[in-house]
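In what follows, chain A forms one complex with chain B and a second complex with chain C.
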Partner chain A sequence: MDVNLIFQIAAIGITVSAINQLLRHSGREEQAMLTTIAGLVVVLLMVLSEVKNLFDTIKTLFGL
Partner chain B sequence: MNILSVVCIGVAASLLVLVLKDRPETGVVIAIAAGVIIIGSSLGIISEIFDAVNSISELAGIEGGYIKTVLKASGIALAVTVCSAICRDAGQTAIARVVEIAGRAAIIGVALPVINALFSEIVRVIK
Partner chain C sequence: MPVKIVGMVAIIASCTMLGFELSSHLIKRVHILETWQQVLWRMSGLVRYTKTPLYEIYEIFALEKGEVGAFFSSLLKCGGENTLTSWKKNMGEMKWLSKSDVEILINLAKGLGKGDTDTQVKDIEFANAGIKSALNQAKEISSRDAKMYRSISFFAGVTVAILLV
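Showing the complex of A and B:
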């Protein structure tokens, strides 16, 4: 799971920027902004669980 | 995960961040993901180090409280360093600096009992 998390995020980023260019050139500026925000939310949700696991292990390991 | 795969992950992640130059926010998320993965994989080694430190400190007869303080301080330092590096990646050096200051305060807060014990010891010796 760990390494391909990075590649999934990169793939989502590339598709979002491609869709963004497409929408911007076809004149729909606001939808381009919406897809950017949607892509960012999806990516952040993917990373969130990994960050939570890491901080839980750090808390138990270091006794914080 | 040995060090070579950590190096490969680091290089791959930074290249991907370069690819996503026109989407800086996704680049920062990739940096966060790479940091999380690399530190997550190296926590196993860190826990072995701490077990060794604990056993050595018991051997040497050092009181457990001091070692726990050292572990807490290094945990805080680790988390604060990761966070300030990510903030600096995102271009927010002010936030990174503020996080570092809060981290130093937290470490000193953790170390207060040890400092008190030290000074009371010194005062007892002087009297």
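Showing the complex of A and C:
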């Protein structure tokens, strides 16, 4: 796994939390929540291939 | 590597510029509404005390700077058309205003130049009250959202740049 992925996820987390705070302060709670969910989905898409690799490794390891 | 950095900077800069553009839109609306408020006060005085004809009122306000001046200048070029039609046609100059602001001005145009002086003054004062309330609303929105647009656009740019790297 590329270590850059971890840094990317961390950076996205920071920016999404900053956007979230800004939106909350201007009274847009719904949009803040949508932004958080969008960030989560983006991160999940990024780690999707890694999760697939993990399941494949487990399958190979246990001969499933 | 330098190409990537240039690309990231370009993305962040363009997103930030977009945010600044959006926030300037809000600020511009406040400025235009303030000008309209002044114009309507003066227009009310001109109609009430000096009974100035509408065309001369247009000439006076065409000297105003900015969009409001441009609007009255274009009204002067619509000689012969009725007030409502010419105001509707030239509302394109007021692209920074919201639909409700434009509606207030259009409603004013319906009565302007028709009826007696008192009715016209009442119409202008009614429109001015509407503009005043729209101005207060615009000021509130501007103070709340302008900073937010600028900050969010920067962070959105950073997020996009990170995703693309």
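Criterion: the second predicted complex is superposed on the first by the 62 of 64 C-alpha atoms of A that agree within 3 Å, B and C clash if a C-alpha of one lies under 4 Å from a C-alpha of the other, contacts with A are read in each partner's own complex, and residues count from 1 in each chain.
Just so we're on the same page, a residue touches a chain if its C-beta (ideal position, glycine included) is under 8 Å from a C-beta of that chain, and two chains touch if they have at least 3 such contacts.
Computed from a prediction, not measured in an experiment: that's the story for all the values here.
A.B. asks: In the superposed model built on chain A, check whether chain B and chain C fit or clash.
C.D. replies: Once both complexes are aligned on chain A, chain B and chain C fit side by side.
A.B. asks: Could you work out the angle between chain B and chain C as seen from chain A, using CA centres and rounding to the nearest 10 degrees?
C.D. replies: For this superposed arrangement the angle is about 170 degrees.
A.B. asks: So, does A:A32 touch the first partner chain B, the second partner chain C, both, or neither?
C.D. replies: Neither chain B nor chain C is touched by A:A32.
A.B. asks: Which partner chains sit in contact with A:I12 here, chain B, chain C, both or neither? Use first/second/both/neither.
C.D. replies: A:I12 contacts both chain B and chain C.
A.B. asks: Considering only touches as defined above, state whether A:V42 meets chain B (first), chain C (second), both or neither.
C.D. replies: In the superposition, A:V42 touches chain C alone.
A.B. asks: Using the superposition on chain A described above, determine whether A:N53 touches chain B (first), chain C (second), both, or neither.
C.D. replies: first
A.B. asks: In the superposed model, which partner reaches more residues of chain A, chain B or chain C?
C.D. replies: Looking at chain B versus chain C, the one contacting more residues of chain A is B.
A.B. asks: I'd like to know which partner A:L22 touches here: chain B for first, chain C for second, both or neither.
C.D. replies: It touches chain C, and chain B stays clear.
A.B. asks: With both complexes placed on chain A, how many Å separate the closest C-alpha atoms of chain B and chain C?
C.D. replies: Minimum C-alpha separation, chain B to chain C, in the superposed model is 15 Å.
A.B. asks: Share the list of chain A residues that count as touching for chain B in one structure and for chain C in the other.
C.D. replies: In chain A, residues 12, 16, 39 are touched by chain B and also by chain C.
A.B. asks: In their shared complex, at which residues does chain B touch chain A?
C.D. replies: Chain B residues touching chain A: 9, 12-13, 16, 19-20, 22-23, 25-27, 29-30, 32-34, 36-37, 39-41, 43, 46-47, 50, 68, 71-72, 74-76, 78-79.
A.B. asks: Can you tell me which positions in chain A touch chain B when the two form their complex?
C.D. replies: Those in contact with chain B are residues 2-3, 5-7, 9-10, 12-14, 16-17, 36, 39-40, 43-44, 46-47, 50-51, 53-55, 57-59, 61-64.
A.B. asks: For chain C, which residues are in contact with chain A within the complex?
C.D. replies: Answer in residue numbers: 144-145, 148, 151-152, 155-156, 158-159, 162-163, 165.
A.B. asks: With touch defined as at the start, can you tell me which chain A residues reach chain C in the complex?
C.D. replies: Touch list, chain A to chain C: 8, 11-12, 15-16, 18-19, 22-23, 25-27, 39, 42.
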